[in-house]
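In the two assemblies presented below, chain A is common to both, partnered first by chain B and then by chain C.
Presenting the complex of A and B:
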C-alpha cells in the first residue's frame, strides 16, 4: 500500500494553501504590478469560527493622502468569500454516521459509564470501524462507476485506510484485550490487524503463481514462488504455505533433500498450535514448546544440509522459512519489509502468548532495525500508540485527519487513559480536537448541526461558548431553520443564545413588515420596549391612514392569550371599541373607551385621540356615560393637560397636522378639540343629573 | 422502538412524496416511484424508484439482492431546484408541484420514456415580503378534486395564501391572511382550506371567498406553535396539527364554536409533518426533530379512553441522529411503505405488511 510520507504531506498542504486564488481574479492575469501601482492591495479577514476568509481590495495609503483623483472600479468594491478548508460532499455519509455513533456513545457513557464498560465501548468502536470501511467501499465503488481514477479518491481512500489501521490497533490494545475477566493474548488480534490493514502477500499474487503453473515443475521454476512462500510464513498463513509447499515438492528439478524438507515444513506448518478460548495458557505453552522444538530441529537439519549444498536455492529458501518458523529474529528482520511484519512474525513465532503490554518492548527491538526518519505519519501514529505515548499519538493522528484525533481522544477519555496526559497539553486535548472537528464541519452547509454537536458534546465552557457564538452568527434563512437552531440552543441550555436569536428574528420580521411575527419573537424574550415600538408604529399607521387594519396582527399574536402587554391590550381594546361603535352598541363602546383610560394601558400620546373619540358618545342622543364616568373622563383630561410631556406632544402633533381631520379643518387644533371635549363633558354631566 | 432502514444520500432531505401509479392502479405496477427534495448545499429534486413489496413473492430473488446491497431505492433522475425544496405535492403520476425557499411554486413534468427525466414546466413567485425580499413558501397542497384542472394552494412566511390552477400558474391569486408565519396547509374538502400558524392557530377558509377567515381554532389551555396540519382523508371535520413541543393535536371541528381537541404527546421536539395513515386512518403518523417517526393509534381500542394508553409505535434508526423532516406513506400498496428524509442526509424506509382486512 502506498502511503503519504510525512514530508510530502506537509508539502501537499502548503501547495493547497498557495493554490488558493479568486475566480475571477481582481486584476487581469500578468498585470499585478500595474494594478498594485494604483494604490491597491488586497486585505483579508478570517472568519471567527469557520475556515473562511473574506478578501477585498484596499488602499495602501488613505485616499485623503493622495492628491490625484483615484478612479473606483466595480471589482474594487466587491468582497470575496473563500473557504480554506472544505469538507467534501463525499464525506457526508461518513460524517453523519459517525456523528450518530458519537452521540450514542456520549449518551450511554453519560448514563452509566461503569455498566457500559469496555464491552459497550468495543461495540461502539466496531461501528466507527464499519463506517470507515463503508466509506472506503463507497469511494472505490464511485470511482469504479465513473470508470476513471481520481487523485482525490486515492487520497481519501488512503486517509480512511490509515484511520482504520490506527483505530483497529487502538481497539485491540485498549478494548479487545482488556475485556474484563479475560487474560487474552494480543498475538491473534495483532495478526488479524496486520493482515487486514496491510494485506500481504496479496491473494492475487498467489492466484497468479498458481495459475501460471501447470504442474510442480512449472511452479518451482516461477521466480516469484519462494519470496511468496517466505511472505506467507512471515504473516502466519500456514494453510496456504503448507498447500503450496506440498504442490511444489514433487517437482523434478527439486533436489531430494529439498523435496523432503518441503513436505516436512508443510506438515509442521499445518500442525502449528493455535490457542483456543477454553485452553489454559500452560497447556498451550506445552503444545507450543513441542512444535517449536520440532521446527528448531527441522531448521537445524536443513541448516546442516544447506552448508553442504550451497547452490540449491530452493533449499536456501526452505531454510529461511524454517528459520522464520522457529522465530529467528535476524532472519525475520531481513525478510520483513515493514516493521509491522517483523513485529507480527516475532510475536507469532517467539511470543505467541504475549499480552498487549509486551508490545512496547518488542516494538523497540524491531524499530531499532528500521530508519524511523523515513516513517510516514501512519507509522509514527502507530508506534506512538504501541508505546502508549498518547500525546504524540494524538498529534500524529490529527495530522492524518481531524476526525481521527477527535474520536480517538474521545474514546480514550471514556476509557480514563487520557487523564495522565492532560498536563502535556495546554488545553484539554479531547475538547480541543472535538472543537477542531466541529469547526471543520461548520464550513459545510449541511453539517452545521453536526458541527455544533461536536462543540457542545465537549462538555466544556469553551465548547458551550463556541456553540453560542456560532449559532448566533448563522444565517436565519427560514423559519424552520430558526426553529432547529432554537432547538439546539434548548438542548444545550443556552438561554442567552435563544434570546439573541429571537431578537434577530424579531428585527428581521420587523424589517420585512411582518409586525405580528416580530411581536411574537420579541414577546418570547420579554422585549417590552420593542413590542411597544411596534405598537406605536401600528398606532401611527392608523393615525396616518385613518383605517384600523392592525386587527389581524393583534389577533394573531394574542391567540391563546399567551401574550400580555399594555400596548397590545390597548390596541385590542381600541379595535373592540371601534367595532362596538360601528355596530351601534354605544354603551359597550363607551365602557371600552373608559376602561382604556382608567386602566392606563394607552400611551400618553394616544390619550388626546381617545378623548376626542369620546366626544361623539358624550354628544350622542342616548346617555352613554354616567356622572361618575364623566368625572373619570374629566379627570383624565385634567391629568393630560397637566402633563408637560403630553402638552408638548399635543403642540407638536397640532403643528405637524398628524390628525387626518386636521387637513379638512386646518383651524382645528388639539387645544380646540380638548375644549370641545370639556364642553361635551359638561353637557353630558348635566344630562346625566337630569336623567338620574 | 422499531428500526427504520437507512440509505445515505449525502444531502439534507427536506421533502418527500410518493407518485401515483402510472397505470392508475398499483396492482399493475411492479416499480413504485417517489420524489425527494433537498436543501442547504444541494438544492435538488430527485426521482427514485423502489420495488413494489406487494410483488415480493413474484420477485423474491430480486428483492433479496436489493436488501443485501442495502439499497432501498434507486436514483432514476434528478434536477436542480431554485431554492430549498420545502414541500412537494403530486398532482398526477407525471406532474408535481414544489414549494421553494425563494417563495416560488414550480411545476415539474416527469418523463418515463426511454430515459426518465424531470423538467421544469412553469414557475411563479407566490410569496414575497413587503420590502420585496422573497418569502419562504412553507407548504403547498393540491386541491383534492377529480376535475382536470385542480388548483395548488400554497402558504408562506409572508402570511399569504396563494392559489393557482396547476395548468396556469400565472393566474395566481394571493391573500394576506395571517400576521405570523403560516406553517402548514391542507384541503379538508375541495372547497375548504385549513392552515396552521406559528401563533398556534388553525384557520379555515372557503375557497369561494379566499380572503376571509371562516373559522379560527386555538387551544387556550396551552402555548403551542403549530408546525404542520393535515385533514382526515374521509372525515373532513377531523384535522391534525403538529406542535413545536412534540405533541400531535387531533381536532374535531364539527361544532366550530366549540371544537374538541385531543393531545398526544408522542415526540420530544417539533413535529414537522403529520398524516393520517392512508389505508388505516385510525392511525396518525408524525415525524419530528427528535429523529423519530411515531405511529399513534388515535381511535380508542376496547373502550379505553385514556389517550396516554393508546398505542404509539416509534420508528427510528441508530444511524440517523438528526431531525426527520418529512415522510410520506404510499397509499397505493397493500404493504404499508413509509419513506422519510432527514437532516442526517438519509432516506429512511419502513415496510410493514398490511393488517388483515376484516369487514366486521
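Presenting the complex of A and C:
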C-alpha cells in the first residue's frame, strides 16, 4: 500500500517571518561589503503607535574618525518610512463585523455566562463563520469584476477558507456536539464540515461528466466516471452515486455482472440508513447493522467474481465502491486523497454514531497512513484541534492568521477549556493573541478603535496599559475622533488618559482661538491655571481693542452653571458692568464695579483699570458711590500703591504692554491716572457728605 | 521568506550634507528629527504619508550623535548631543522655531548618548560621554538647569544610556504607583569596558550610584534599552554589542511587602536574543511603545524585529533589509 501524501487544496504557504526590502536600494547590487566598510549601517526609529519604522543609512562613527576620502551619496541622507505590519483595506468589513461580535460576546458572557451557555456561544460562532464566508464572497466578486486574477486575492481567499475550515471544526467539536440534553453523533456534522470546506468531487467534474454522457455507453466510456463514483462513495454522496450507477448500468459494453452489481449498489446506496431525531440509537444501530451486512455481502459477492472473469475495470471499481461502503479501512485509505477524506469515510461507514471523543483515536489510525511531516499549517492546526492539543493548535492557528488565534483562544476561554493550558505557556495565550491582533489593527487609521478594544478586552493590566499608552499618543484630528477617544477612555476607566486628552484638546483649541471650547476642556480637568491664562488673554484682547467681545464666550462657558473660577467671574461681572454703563444705569454699574473689587475676583494687573473705570462714575452728575463705597475704592487704591506685589504687577503689566495706549512711560501714565482717581474720590466723598 | 516591496513607502531626502547618525520620532510619531555629521539637526513634520521640512537647527560645532524628544507636557523640546562634547536643549516657540535654552558643556569628550527620564520625574536629561562620565541635567522648580556630573562608571567611555520604567514592576496592583514617593529612579549605561551598569538613586546620598554591573558582553556595549513597563511582572533590559550579541536581561518584581517603589537587585538573568551571534556588530536596540517588540539594527544592514513567543522564547518576526539595487 503506498504512502499517501497529505496534499491539501488549501495550502497556506505563508512563512511566519516577513521581510521588507528597501526600494530603491541604498547601494549598488553586490557592493554591500564595500558599502558597509565605508562607515555605513542602517538605523531606525520605531513609530510609537503604528507598526511603522523610519529607516535611514547611518554613520557608525563620526566624520572625524574616518578617512576624508569616504564620500557621501544621495541615498545616505534618505529616510524610508516602512510598515512592517499592514492591514489591507479589503479586510475592513471583516474586521469591523467580527469586532462587533467579539464585543457582544465579551459583554454577554461577562454578564451571565451560564445563562448564555453553549447555545449562545454557538449562535455567535455562526456569526463569525458567516463573516468569513462573506469575506470570501466579497474577494471573489471583486476579482471577477476586475476580470483578472490577483495573487493577493488568491492568498486572502485561501486564508479565509482555512480559517473557516478550522473554525467550523472547532464549533462542531466544542459546541454543536456539546449542546446540553443532546446525545449527538459527530458523524453527520463532520461529513457536513468535510464536504463544505473540502468539497469533492467538484461539482464541475460531475457536470462535465454528465454533459459528455449522451447515453449509458458514452458515460461508461468516460475515463473520469469511475474515479468520480469512488469519490462520491467516499464522501457519502449517496443519491448522486445511486443516480449515476443507474445511468451507467444499461451500457452495452458493460459486462453483465457489472451491470447487475451497479444496480445493486445503486439500490443499497439509496437505502443507506440516516438517523432521525426521534429514533433511538439502538434502533438506528439495528438498521445500520442490517445495511452494513448487506453491503458486506455485496462486496464479497463481487470479490468472488475476479478469479472467474477476465479483468473487468468497471467491476473492480464497483468492488472498491462496495468495500468503501462496508467500511473497509485499507480500501478507504487507498482511495482517499486527504486524511480528512479517510477519517470521514471511516466514521461514516464504520462508526456512524461515534461521538466527538472518538475523533482523536480514529484520527491517530488515519494519520499513520500519511506523511505528516509534509502537512501544511492547516493540516497541523486541524489535527491539533482533533487531538485537543490546544497549545499546538493555537500556535499553528496564529501562523495562518492572527485573527484566528485571537478569537479561538477567546472562545475557548469562554468555554472554560483554555485554563488547563495556561501553564503550558510563559504568557496568557488569550491576552497574547488579542494584543497581537490589537497592534495589527492599530496600524490602520480606520481600525484604531478596534485595536484598542482588543487590548482592553484582554482584561489584563498589560492590555489596559496598552490602551492608555496608545490612546494618549493618537492625533486628535477632529472633534468627532476626540469624542470617540474619550468614549473609549470612559469605557475602560482611564481617568489619566481622559485628563491628558482634555488638556491636549484645550491646548489645541486655545491655539486655534476657540477660547470658550478651550476653557471647557480645561474645566473638565480642573486646570484652573490654564483657565486663568485664557481669561487674562481675553482681558488683554479687550484692552488692546477697546471692544468687549468676549461676552458670548463667557456665557457659553458659564451656561452649565457648574464652572466656578475667579477670573471667569471677574470677566462676567465686568461685562455686566460694561453693559450697565452703556445703558446709562450708572448706579448699577457702580455697584457691579465695587463688587468686583470687594470680591477680589479681578487679577492684580486689572485693578488699576477698574479704578480708572470708576473715575467717570465718581465725577458724574449723580452720586453713584456713597461715602462707604468711596472709602472702599480708596482702600483699594491704597493697597495698590502699598503692596509690592501689586506694584510689581502694575510694572509687569506695563512692561508687557497691557496698556498699549501708553506708548511712553506707562508707569508714569498709570500714576497720573491714580492721581486723578484719588482726586475724584475726594470730591465724591465731599459730595456724599453734603447729600447726607 | 515572503518579500514585500515598499513601493508606496514614504521616503524623502533629509538634505543633510553628511552622514546621518540618528533619527527619532516624537511622542506622537508626527515629527522626525535627524542629526548628522554636518553638525545640524533637521526637523520634519510627518502626516498622512507626506513630509514637510520644518527647520534646520544649527548650534553644534561637530557631528551630532543623537537626538531625543522630551515628553510633550514640557512643550516642544528636543535635546541633542555631539562629538564636540556639548549637549544642547532646544525649545520651540511660536514664531521663533527652535532655539537653544540650555547648553551643557561640562564633558571633556564626545557626548555619545542622551535620554530623557519619564515625565513623572520632571524634565531630566541623562548624558553619557566618551570621557567615561554620565551627567544629569535637571530643570528645577526655580526655573534653572541643574547639572550633576556622576562619577565614572565606564572608565573608557559611555556609549549608551537608558532610563528604567518609572513605575516598578508589579506596582500596578499597588495603590499610589504613580505618586512620586513610589517612582523608580534608575537607569542603565553601556560602555567601552564591555559592561552594562545599573544605577539607582540613593535618598541618603542624594545622587545616583551604580548598584549592579551586568557582565556578559565581550566587546564594547553599543546600546542599552529598558522596555516600557506595561504591567508585566518583570523588567526587561536589552543590550547590544560589538561582540555581535544581543542580550535580554530580565529581573522579576521585588517582593510584595516592599512598597518603596525601587527595584532591588534581586538578580538579573540574561538570555541571548538569538541562539547564533549576529553576523556583524549590533549597533542599536529599541523597544516598541508596547514593550513587546524589540528592534535590532546590525552592521550587516538588516533591521530585525523580535518578539517573545508563547513559550517565552525570542523569535524574529520581521526584517527590513537592503540587498542592493541593480546599477
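Just so we're on the same page, the second predicted complex is superposed on the first by the 571 of 692 C-alpha atoms of A that agree within 3 Å, B and C clash if a C-alpha of one lies under 4 Å from a C-alpha of the other, contacts with A are read in each partner's own complex, and residues count from 1 in each chain.
Just so it is clear, a residue touches a chain if its C-beta (ideal position, glycine included) is under 8 Å from a C-beta of that chain, and two chains touch if they have at least 3 such contacts.
Quick caveat, the model's predicted, so the values are computed rather than measured.
Chemist: Chain B or chain C: which reaches more residues on chain A?
Modeler: C
Chemist: Does chain B (first) or chain C (second) touch A:301, or do both, or does neither?
Modeler: A:301 contacts neither chain B nor chain C.
Chemist: Contacts for A:615 in the overlay, against chain B (first) and chain C (second): which applies, first, second, both or neither?
Modeler: neither
Chemist: Counting only touches as set out at the top, which of chain B and chain C does A:415 meet: first, second, both, neither?
Modeler: Neither partner.
Chemist: Once chain A of both complexes is superposed, is A:426 in touch with chain B (first), chain C (second), both, or neither?
Modeler: After superposing on A, A:426 lies in contact with chain C but is clear of chain B.
Chemist: Which partner does A:113 reach: the first (chain B), the second (chain C), both, or neither?
Modeler: neither
Chemist: Quick one: is A:218 in contact with chain B, with chain C, with both, or with neither? Answer first, second, both or neither.
Modeler: After superposing on A, A:218 lies clear of both chain B and chain C.
Chemist: Over in the complex, which chain A residues touch chain B? Could you list them?
Modeler: 89-90, 92-93, 96-97, 99-101, 103-104, 444-446, 449-450, 453, 477-480, 483-484, 487, 511-517, 520, 552-557, 559-562
Chemist: Can you check the complex and tell me which residues of chain B touch chain A?
Modeler: 8, 10-12, 40-42, 84, 86, 101, 129-131, 133, 135-136, 138, 157-159, 177-181, 183, 197-201, 216, 218-220, 222-225, 227, 244, 269-270, 272, 289, 318-323, 343-346
Chemist: What residues on chain C touch chain A, complex-wise?
Modeler: 1-7, 9-25, 27-30, 32, 34, 36-37, 44, 46, 49, 62-63, 65, 83, 110, 172-173, 178, 228-232, 280-281, 283-284, 286-290, 292-293, 295, 297-303, 305, 308, 310-312, 315-327
Chemist: Which of the residues in chain A come into contact with chain C in the complex?
Modeler: 14-32, 35-36, 39-50, 52-60, 62-64, 72, 74, 76-85, 391, 394-395, 425-427, 429, 432, 435, 439, 460-466, 469-470, 473-475, 496
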